[in-house]
């Protein structure tokens, strides 16, 4: 039923209809509304049976989920940013143990400096953890992806992280067509664990594995990720067939035909990018978009096919690897080989990514003026002044505060 | 002449079993059908107190629950020596996740059992002292505070033995560890530090808290049984000597645990809902030196010139325990 | 099983890892000789019968007991129980009351009419036993069990020797003695009483015995010369007690002095009290520490109002008055005269200064070597004349009934070997289970059960038995105080304390075995074995 | 390159022995590399350590599968561990024992290897005598020096003093020297017998 609803609540409703049995909650913006809503449903009894556990930290949230999942329960939690980092040891552990936990990651920047707004740094920090990471473009897709995520996780016995942009999606109130309980039940069978703690069939889960087998264990985990490359489109196709709606999949091409320039991105920014591309298409420019839904596993083949031999590919991403550059771009480069590739880091810490800026980016690329790694809307002045200050003052202090001071100065002081 | 009638069984209340005891009065460990929750072939040191403590506690819990038990284990010696691929020593459902999260994982297992309608399956979380009082403390406190239905057992050997004998917040004063060397004016672990976790647990007001040692099996098993009679968060702190970390003879493991209790170094008691309800009295009082001298981690306190002042402080700590818990038997007790 | 590779493991898999390879020492189960058994002159397997008594199986306990000693009810009263002196429990609280339990078993056997084991198949040999005291009775019993015919002769009209004629009835009721003697005779013993043997070889020839056991005891009271007037009454304790036993007590008067410091002196003084003496005074030349009488005997005598003049000798006895010389102890503990004198009124003086043997019956047997008034014997109690054995007070040893019973048993075995033409093998003796091998923590604290005693008033006037027996509860309690030194009693400690689950419990009565596949040799089992029945030995190479 | 494998039990100073050997070689201006094997085994379990000695820089990090010498600290391992795996016929063996190879049931080894390369040394007894504790490793290094000639005894002494300080170091060196003499004497007997 289509309704105008806050993103977080849409997720809560969607997750609830997946019949999670253990839900762990620890507040951190911007995911808090999700678990608040689920908590209320458990408390009032509309979601039952379900254990809603107010834990004392994100580390405990993931740990409780691990225990619950290993004991055969469908486990769910949500976090963001620092919370994800605080639970990171358990995040890796859940994947290593092959426990099909589903977690919503309301993407948010990582401090210091502390910042509650959106970017993808948190997701990138657990890129190699063994979790499947799916990025939602809209709240509709986010809601649908959660249903698919439980199915995928439990099929493969791999945890799945549904990434949705914090605030931009979680706090946006827009139309979402939520599946009803009957529909979800049709799509998502009850959880049958691959391994479970059971007094009737005891086993030791979580053994120490030495050099003799560790590599194989890791390779098997990798193969499971590769299996997911098949399962993700299959599940999306099944979903589309059942509910008549495209959600999920590996990649999401947009107006790629004959495009010589393609912008690659993940998450909510794709909408804005599509608007910009439409504008240029109308002007006759051969430009298109490739949205990446499955970041892990990374669909190398799908990206290669989608991008083919383009004149230029611009990767717009909300995170980067300090001292190196684009994270998504590196993966895209791996897929497309020699095609000219630019990384544009954008929207860090919640900075708006505007169509104007995007178009400017495209222009510069066409003009050969776009660096292999560039930062969208970077305030060059601030950078220059801070660098100068650091060059002259030994105890220059933390540059985060300096930048704030710099930006806070009266306008006439700025050079 | 008055004759005292004593229910007397030669070694009844101290030894593991005894042919003269009725089956119900014998320990779980005296039973040939005991679970052996942690079985032969594990790689613990010779004379490992923790391996012994784990079997004692879990076998007792297995009996109480009729085998409906799941154990969650923190990283540490117990985990490493019991489950190196491809061999596990555990005969019960067992899960190891991380060093600092065993209480939370146990909470998750308990929640799953409850939601699945399998309330009869009980959950034990277990860790060494590092996994309990240090890195696992946050999750443990959370589990306590929520009163989750988990019995958490700390096997306290007073240090990080798995990594090569480093100090933990359970390391006693003056003990030498790899990170509190026996050098300088205050050799060994400093005085005035460390956590008294059983008392912290009591402060949470949880249904049951108890301390025990591997030297008193009847007491330990009774406490496990008592603990399992409650639902909610329960805590059992078991004193398990470590021959390697303490520099003690492998055959002295039980002897040391006994001395720790008899000297007052380690008070043995139990508490319900935050109030002490029972104390295991000292049977044969002994000075702390009897206990300390058997351990190389205290060797710097003895010999010439030795540190009688430090020994006196340790004795004072034991005396304080004796006074606080009333550990000395009175006429009435006898 | 379909488990995720490596991360999840099936139970029981660690048993593939044989940690026995870690071991440089291995525990082994041993049996050691408990000190009680070691100390028992009668060679009783005390721990063995206590083991049965602990579980309340008194008949098995009694049957184990009478393998060595056919007179438990008697010995449970009169034995001075060196077993209890040796008992390791002394170092914990008090010795186990072995003697009391023995008496309980003996009394129970009489009460329930248990029979001794049947005689062995007839060997065709006959053995002459001279003297029906404890040594002779013991020998007769063991000889019958070995299948030999026994001819038991005694000079007195009734059997029992010193048990009957030396030990007062308040210590050994005659009914008990008779019951146990009758039980031996029921095995088929030819008894000849009131038959003094004057010539041992003639006696043997006359009855055609193939061997002789000589156990005539030491029946002659020692006398010393004490200047005494005609009107004074001086008797020796052996005769005095014998007369009392024959119900023909001499008249000693109201003030009786007993001279000597042994158990016989105590018996004499206490008997005198019972016969109506208002004053029974023992005169002894040294102090209480040096007194040879057993402490509990002294205690009981004092409790009954017997008085003692310590450090005194009797100088003379005249006109109803004894003159005593005070003594003092040299640094070596020997009494020496002080030249100071006391006086003591007395109607009679009983000399209890020891006994001698009457070996005149050996005068014709020239090959039997006698020295210092006793017969020389070898390991199997054989004298220097083949075929003639001797034991009890006539042989060199402590003169106690328990020793005599042991002699009788050894002699019977020696005679048996002699008659078969064999050399008896001496059984293997285990190492002693000394106290330092025990881990006494595990034994419950339990003081010894005191045997109830007759009220003091009553024992001054009659010969009722002073020390009463244990109730069944008490006997059970006392038996369970046994530490089982050196021998496994299945306490399950080793089975419980092994961190590697490497001890196999074999089931009731079967004890345990080590699983050396997994034993790492830590030694906890040996340290925590209460009774020291596990030893760590270096691993074989 | 000369490669040594040392067998012992957890807690017996097996790793220390390899390290001391490496330090001794280093003090002689040679290149050396000592390393342990890691496992989940604890006190008492059979363990091994390794040492490489060469005149050139040692770059390889492979495990030692074909040692030139095997040192055995604890004879009780003989029937429990494949102690001589990968040992060539020309290899050296030094065992802490007062018995002979044949008495130890190692007749097969005696058949296969050079008699002057198979030596025993009562290292534990020597340690008790000179050091006062049953730690055989220092004495065995002395025996190793005599047997293989890879490091001189004075370099062993340097390593022991470095590690244990002058007092305890000297005591260990005394044990090592006694072991050196013991093995040397044994070798002379063997070579004398060979000459006969």
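First chain written, first letter: the chains are A, B, C and D, and each begins at residue 1.
Simple rule for what comes next: a contact is a pair of C-beta atoms (placed from the backbone, for glycine too) under 8 Å apart; a residue touches a chain by one contact, two chains touch by 3 or more.
Keep in mind that this is a model prediction, so the values were computed, not measured.
The set of chains in contact with chain A as well as chain D comprises B, C.
Remark: among chain pairs C-D and A-C, A-C carries the greater number of C-beta contacts. Rounded to whole angstrom, the centroid-to-centroid distance between chain C and chain D, based on C-alpha atoms, equals 62 Å.
Chain A and chain C have CA centres that are 92 Å apart.
Chain centres here are Cα averages; for chain B and chain C they lie 49 Å apart.
Chain B and chain D have centres, each the mean of its CA atoms, that are 41 Å apart.
Chain contacts: chain C has residues 6, 9-11, 19, 22, 520-522 touching two or more partner chains. Chain contacts: chain A has residues 97, 202-210, 213 touching two or more partner chains. Counting partner chains per residue, chain D has residues 39-40, 44-45 touching two or more of them. Listed in rising order, the residues of chain C touching chain D in the complex are 19, 21-24, 520-522, 539, 541.
For chain C in complex with chain B, the touching residues are 6, 9-19, 22, 54-55, 441-446, 449-450, 452-453, 471, 473-474, 477, 480-482, 484, 489-493, 495-502, 505, 507-508, 515, 517-518, 520-524, 526-528, 530, 536. Chain contact summary for the complex, chain D toward chain C: residues 9, 44-46, 74-78, 80-81, 97, 99, 104. Considering their complex, residues 10-11, 39-45 of chain D touch chain B. Interface residues of chain A facing chain B in the complex, by the touch rule stated above, are 21-22, 24, 49-51, 53-57, 59-60, 62-73, 75, 89-90, 93, 97, 197-199, 201-210, 212-213.
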